[in-house]
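One chain, subunit A, appears in both complexes that follow, with subunit B as partner in the first and subunit C in the second.
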Partner chain A sequence: MNQYIKRIWASLRQDSVVTIINILGTALAIFLIMIMVLMQEVKVLPFSPESNRDRFLIADAFAVEKLDKNGMSAGGLSEFVAKQLYSSLKTPEAVTLFAVNFGTSCLLSADNSNPISVDQKQTDASFWRVFDFDFISGKPYDQAAFNAKQKVLVLSEGVARHLFHSVNVVGRTVEMNYTPYTICGVVHDVSSLASLAYSQIWVPYSTTNIIKNMGGINDMPCNGPFHVVALARSKSDLPKIIQEYKKSAAAFNSQLKSHGMKITDNGRPYGIFDCSLGAFSNQKPDPKIFYIREGLIFLILLLVPAINLSSMTQSRLRRYITEIGIRRAFGCRRSRMLTDIVTENFILTLAAGCIGLLFCYLFTYFNSDLVFANITDYFFNSNGHHSVNFSLLFSPTVFLFALLFCFLLNLLSSIIPAWQASRTNIVNALNGRTR
Partner chain B sequence: MIMNKKLISQIKNEWHSNLWLIVELFFVSVILWFVVDYVYTTMNTYHQPIGFDITHCYNIIYSQLDPSNPNYDPNDTLPENDFKEIISRLRQRSDIEAIGVSSASVPYSTSYIGDELKYDTISRNVRTRQADSGFIRVFRIKGAQGESTEQLVRQFDKTPDGFIVASDFLGPNHPIKLESLIGKRFYFGDSTKVDRLAAIVGRLRNNDYELVGNTSSVIKHLENGVGDDISIRVKASQDNDFKNRFWIYANRSLRVGNVYVSDIQSYQDMRRTVNHPYDIIVRDFMIGAAFLLLNIFLGLLGTFWFRTQRRKSEVALFKALGATNGSVFARQMTEGLLLLTLATIPAILIDLNLAYVGLNTSVDGVTLAPGRFIVAVAITYVLIALMIFFGNLMPARKAMKVQPAEALHEE
Partner chain C sequence: MISLSGIDKIYRTKEVETQALENVNMEVEKGEFLSVMGPSGCGKSTLLNIIGLLDTPTHGKVILNGTVTEGMNDRTLAAFRNREIGFIFQSFHLIQSLNVIDNVEVPLLYRNISAKDRRQMAKTVLEKVGLSHRQHHMPSELSGGQCQRVAIARAIVGNPEIILADEPTGNLDSKMGAEIMDILHHLNKDEGRTIVMVTHNEEQAKQTSRIVRFFDGRQIQ
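Now for the complex of A and B:
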């Protein structure tokens, strides 16, 4: 090990320009690759208030078809359907229904001030069990409050500060769309990267007229604004819940048959990964297309620098050709030669990879809005608020990915030059000739 | 010419390290061509007019009070009258130049109503925009034959059963002239009601990235004067801090019965929202291109750095025989460009094949058009050549610094 580092140090001193170029090239590749990895990982890695992502089953849409194929309606779920299909499930720890109010503004004012537009999510009481919000003061609304249609709401720190210049506002009154509501809790601002939980205010959907706005075929209120998230007790429960859901879907389908309809869920509910692929409501997400696309991009991001580095590694190895000749003359095996060169290169790649990863972290932390820019950003009043916390960036998965890509890049860039160098004829090598 | 011959034999002699460079240049040339082709065609689309003039335009959004609201008036059963009252109050404002009411019509929106429009044997799918004539005024829509907005408004208003169609309705190269159909009877979908073609406007697109040649548009009269969107054009001189001023006014004076104004958005903001997803894609493609180019730069820098070290005595001899610094640099540059040309020839073949099978960006279903292909290949070549130039600067400077006497002395 020591020997490798000595050699790298020597080459750094002898060929500083080329070694630096080598490190820069590798760091650049790892930097870009890791940013791509992070862009996908924030969609699946757990962080508050979605710390239980790996135990989520998500139903963001479903479709009803007429049995005679003469009509289809796809979109979110109605309360009726969501309850029929999901609320009856026994295996999950909790099931929440919430309505997404995409792009429609909700007006909020306090003490007769001029109202401001905020993002609103209408939820049930279990919402606060499925998602782990960080309350600064107060507490969420419970089932009793929900059932009693109490006009209470939870708001984010940012909104509280904007309206009251304070976060100690529990018990005070705000007007939401000109209806008075009492504040029952204040939470830390939620990153819009937590797309399921994100909002600026949360209200019990029993207090609004949202369940009246339903669409469907044959007057069956099937589609609506609701999404469902079921929280499993453990990851191993997920298949059990899906089985149970299938039974409840089959029962619902036989009920629908008399109306000449059937439901098509396109494989929903999904785990967090399938959900992150973002399929349209009438489509199934296709992990294959995702893997092919990502694979192709990573291949390009690895291959081009690898060719680059190969060429430089080869030039570098030429300088050591006499040394290689001597080692071979003293009985060093070709395989040993090969592994030595690859290992030496790997240490260099790893060092460069660390630099790349460090830059990736710094860049992501200070430019999270840029890196995680999402197509839906400007639909939010907050224009998308993509803060990430460091715990997410330092997750072991991210490190593993970085290590994997360093290894791949090293292999791609050093195997051919190392192979050629180790096969050089001993006499030629001793003479400093490459052939 | 003699110099080039020498260069070619030099490249041949160093084919081993040159092969790496050529392979890299080849790969990058193909991928970069794909990116350039995408960005070029997309930017071309982006800079076409969308048919709407949105400067100083705002979209006013209204809502209805929730029945559970303490202010809800159960006796107010005709919200359309409340709506009309809001419009008439807006008309009294002196800073508003025009007001348009419409449904599924405004640009940079996501709502869409599709229909089938038929004339004789011609049938086309169209996007139906239901609007009053104020809508035409707000967005300063112009006629296809250069008619002014006011002329269009008059033509639209005087035919109550009339509609306006966009100039791309028949599609490219249709034998029938669209103008000859003005006043003719058309049918919408399965409807038996006759509609007459009143006027033709230029192409209307929903956003800057929407492909030319997508579904054509139709503007129809709005039924009963109530629509989903209220669009206003503010007098240019009054358009400073208008949103805030209007918001204070709206909150005080634009609540009629159970209907209230819930938001005002400038069309510039809506444009940003709708363009954003496309902006991200273009940005990502550009980052990819920059990454590839940086790699070319680093690769060339590294390889040529080695070369100048090894060719020290060569360069010295060259200089001793009277070569200037400029010719030393030119020689290295030519070497790089020759390699690039060698890599570009097979790359073009691949590009041609990719475009032929249609794996690149499609514009109106066309992926391979001579002009566009040549432009994309040329831009690709120039971009890489630029990187070669920059990658060469440092090694060439080093070569230029070679003192013939010293280098030859060492030899």
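Now for the complex of A and C:
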């Protein structure tokens, strides 16, 4: 290892401009690739309040169709359907139903001040068991409050500060869409990257008229604004929950049969990865297409710099061809020479990769709204910020991806020049000739 | 120790074919100090490269220390060079990015020797060539004679039986050249190493045990 470091240090001293350009080029490539990786990873990696993402099963849509194929309705779930399909499940630790307000945020005001527009989520009481919110003060509404249709709500820290210049506001009253609600808790602001849990205020859906706004066919209120998240006790429970759900769906279908209908869930509920692929209500996500698309993007992002870096590596090796000749004359095998060159290049790529990853972290941290602009749905989350926390950035998966891409970039950029250099005739190499 | 029989070396390009060596037959005994002389371009260095297994003959057989080298793969050739042969070049061929002691250690990197032992062995040979006080200097900080002494230390650090020297004093003034020749004679007489040296210097050649002369790729004496 010492020899490699010495070699790299020497190359840095002797060819500082070329080596620095080489490092920066590699760093830029890794930076771009890691931005792409992070854009996907934020959809699946766990972070508060979605720390249990790997134990989630999500049903964000379904379709109901007439048995005579003369009609179909697809979209979110109605409360009726969500309860029929999911509320009876026994295996999950908790199942939550929550609704997103289509199209508009709600208006919130305090002490007769001008109302502000905030994102609202209407939930059941189990919502607070499925997602791990960080309460600054107060507590979430419970099942009793939900059942009693108590007009209580949970506020985000940002909204509390905006309205009251304080987070100690539990017990105070706000007007949500001109209806008085009592604040029962205040939570830390939630990044809109946590798209399931995100909102600025959370209210029991039993206190609103949302369940009246259901659509469907044959007078059956099938579609609505509800999403369902089932939290498994452990990852190994996920298949059991799906099996249990299938029984529940079959039972529901036999009920629907008398109405001339059946449900089509397209494989839902999905795990967090399938859900992140973002299929339409009546479509199934296709991981194969995702992998091909991502693979092609990464390949292009790797190949373009690799070709440039390859020619730089080649020109660098040309300058060291005599040294290669000397080493070969004194007993270095071709394979060892090849390994040495690739390893030396890998150390250089790794150093550049660290710089690239650092750039990526800083850029992402300080420009998260720009980087993740097209990830979350502004239709639902119009006021939120795409803030990322460091625990997400420093996840082992991100490091592993960075290491993998460094390795690939190194291999792509150095293997051909290294192969050629290691196979140069020794006498020619000693005389400074590459052929 | 070294046996060459029927060695031809022909360089071919699309346009021309050049015969660098023609039917060379030569025996070098163990412990011999052989000088190879001849005008520029007569094939002396080609001969040395073939003996040193840096290049392969077009025809003919090379036997080194009883081993037929024909058909050896890269792995075996590299190991053989590393173990049996030490090279000294006219232009020293020191690695400019490494200091003196690291340069001397180069042949030992390709053996299973610990870093500590490598360092000790390199120090020992540097003492032998009188350069232990320069071990942490870079080659650019040394005189030509000192560089060649480092090159000699590198050539002998692995304790090879054969030393191949390609005009080792060609880039040195007479005083430094004489110093290098003294070291080579010491390695030959006191340590029993077999040396084949290419030289243009008649005086230095006369000090060796035998002279062979080449002209246009053929051995004429």
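Here is the rule we use: the second predicted complex is superposed on the first by the 424 of 435 C-alpha atoms of A that agree within 3 Å, B and C clash if a C-alpha of one lies under 4 Å from a C-alpha of the other, contacts with A are read in each partner's own complex, and residues count from 1 in each chain.
By definition in this document, contacts are C-beta pairs under 8 Å (C-beta built on N, C-alpha and C of every residue); 3 or more make two chains touch, one makes a residue touch a chain.
Since the model is a prediction, treat every value here as computed from it, not as a measurement.
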In the superposed arrangement, does subunit B or subunit C reach more residues of subunit A? B
In the overlaid three-chain picture, which partner chain does A:18 touch, first (subunit B) or second (subunit C), both, or neither? first
Is A:430 touching the first partner subunit B, the second partner subunit C, both, or neither of them? second
Using the touch definition from the top, say if A:28 reaches subunit B (first), subunit C (second), both or neither. first
Tell me the contact category for A:323 with respect to subunit B and subunit C: first, second, both or neither. second
Once chain A of both complexes is superposed, is A:362 in touch with subunit B (first), subunit C (second), both, or neither? neither
Once chain A of both complexes is superposed, is A:332 in touch with subunit B (first), subunit C (second), both, or neither? second
Can you pull the subunit A residues that subunit B and subunit C both touch? none
Of subunit C, residues touching subunit A in the complex: 49, 52, 54-55, 74-75, 78-79, 81-83, 87, 89, 93, 95-98, 102, 106-107, 109-111, 115, 154, 158
Considering only the defined contacts, which subunit B positions touch subunit A in the complex? 16-17, 20-21, 23-24, 27-28, 31, 61, 63, 65-71, 110, 247-248, 251, 255, 260, 262-263, 269, 272-273, 276-277, 280, 283, 287-288, 291-292, 294-295, 298-299, 301-303, 305-306, 394
List the residues on subunit A that touch subunit B in their complex, please. 17-18, 21-22, 24-25, 28-29, 32, 103, 105, 107, 114-115, 117, 149, 177-180, 207-209, 297, 300-301, 303-305, 307-308, 310-312, 314-315, 373-375, 377-379, 434
Taking the touch rule as given, give the residues of subunit A at its contact with subunit C in the complex, in rising order. 2-3, 6-7, 9-11, 13-14, 322-323, 325-336, 425-427, 430
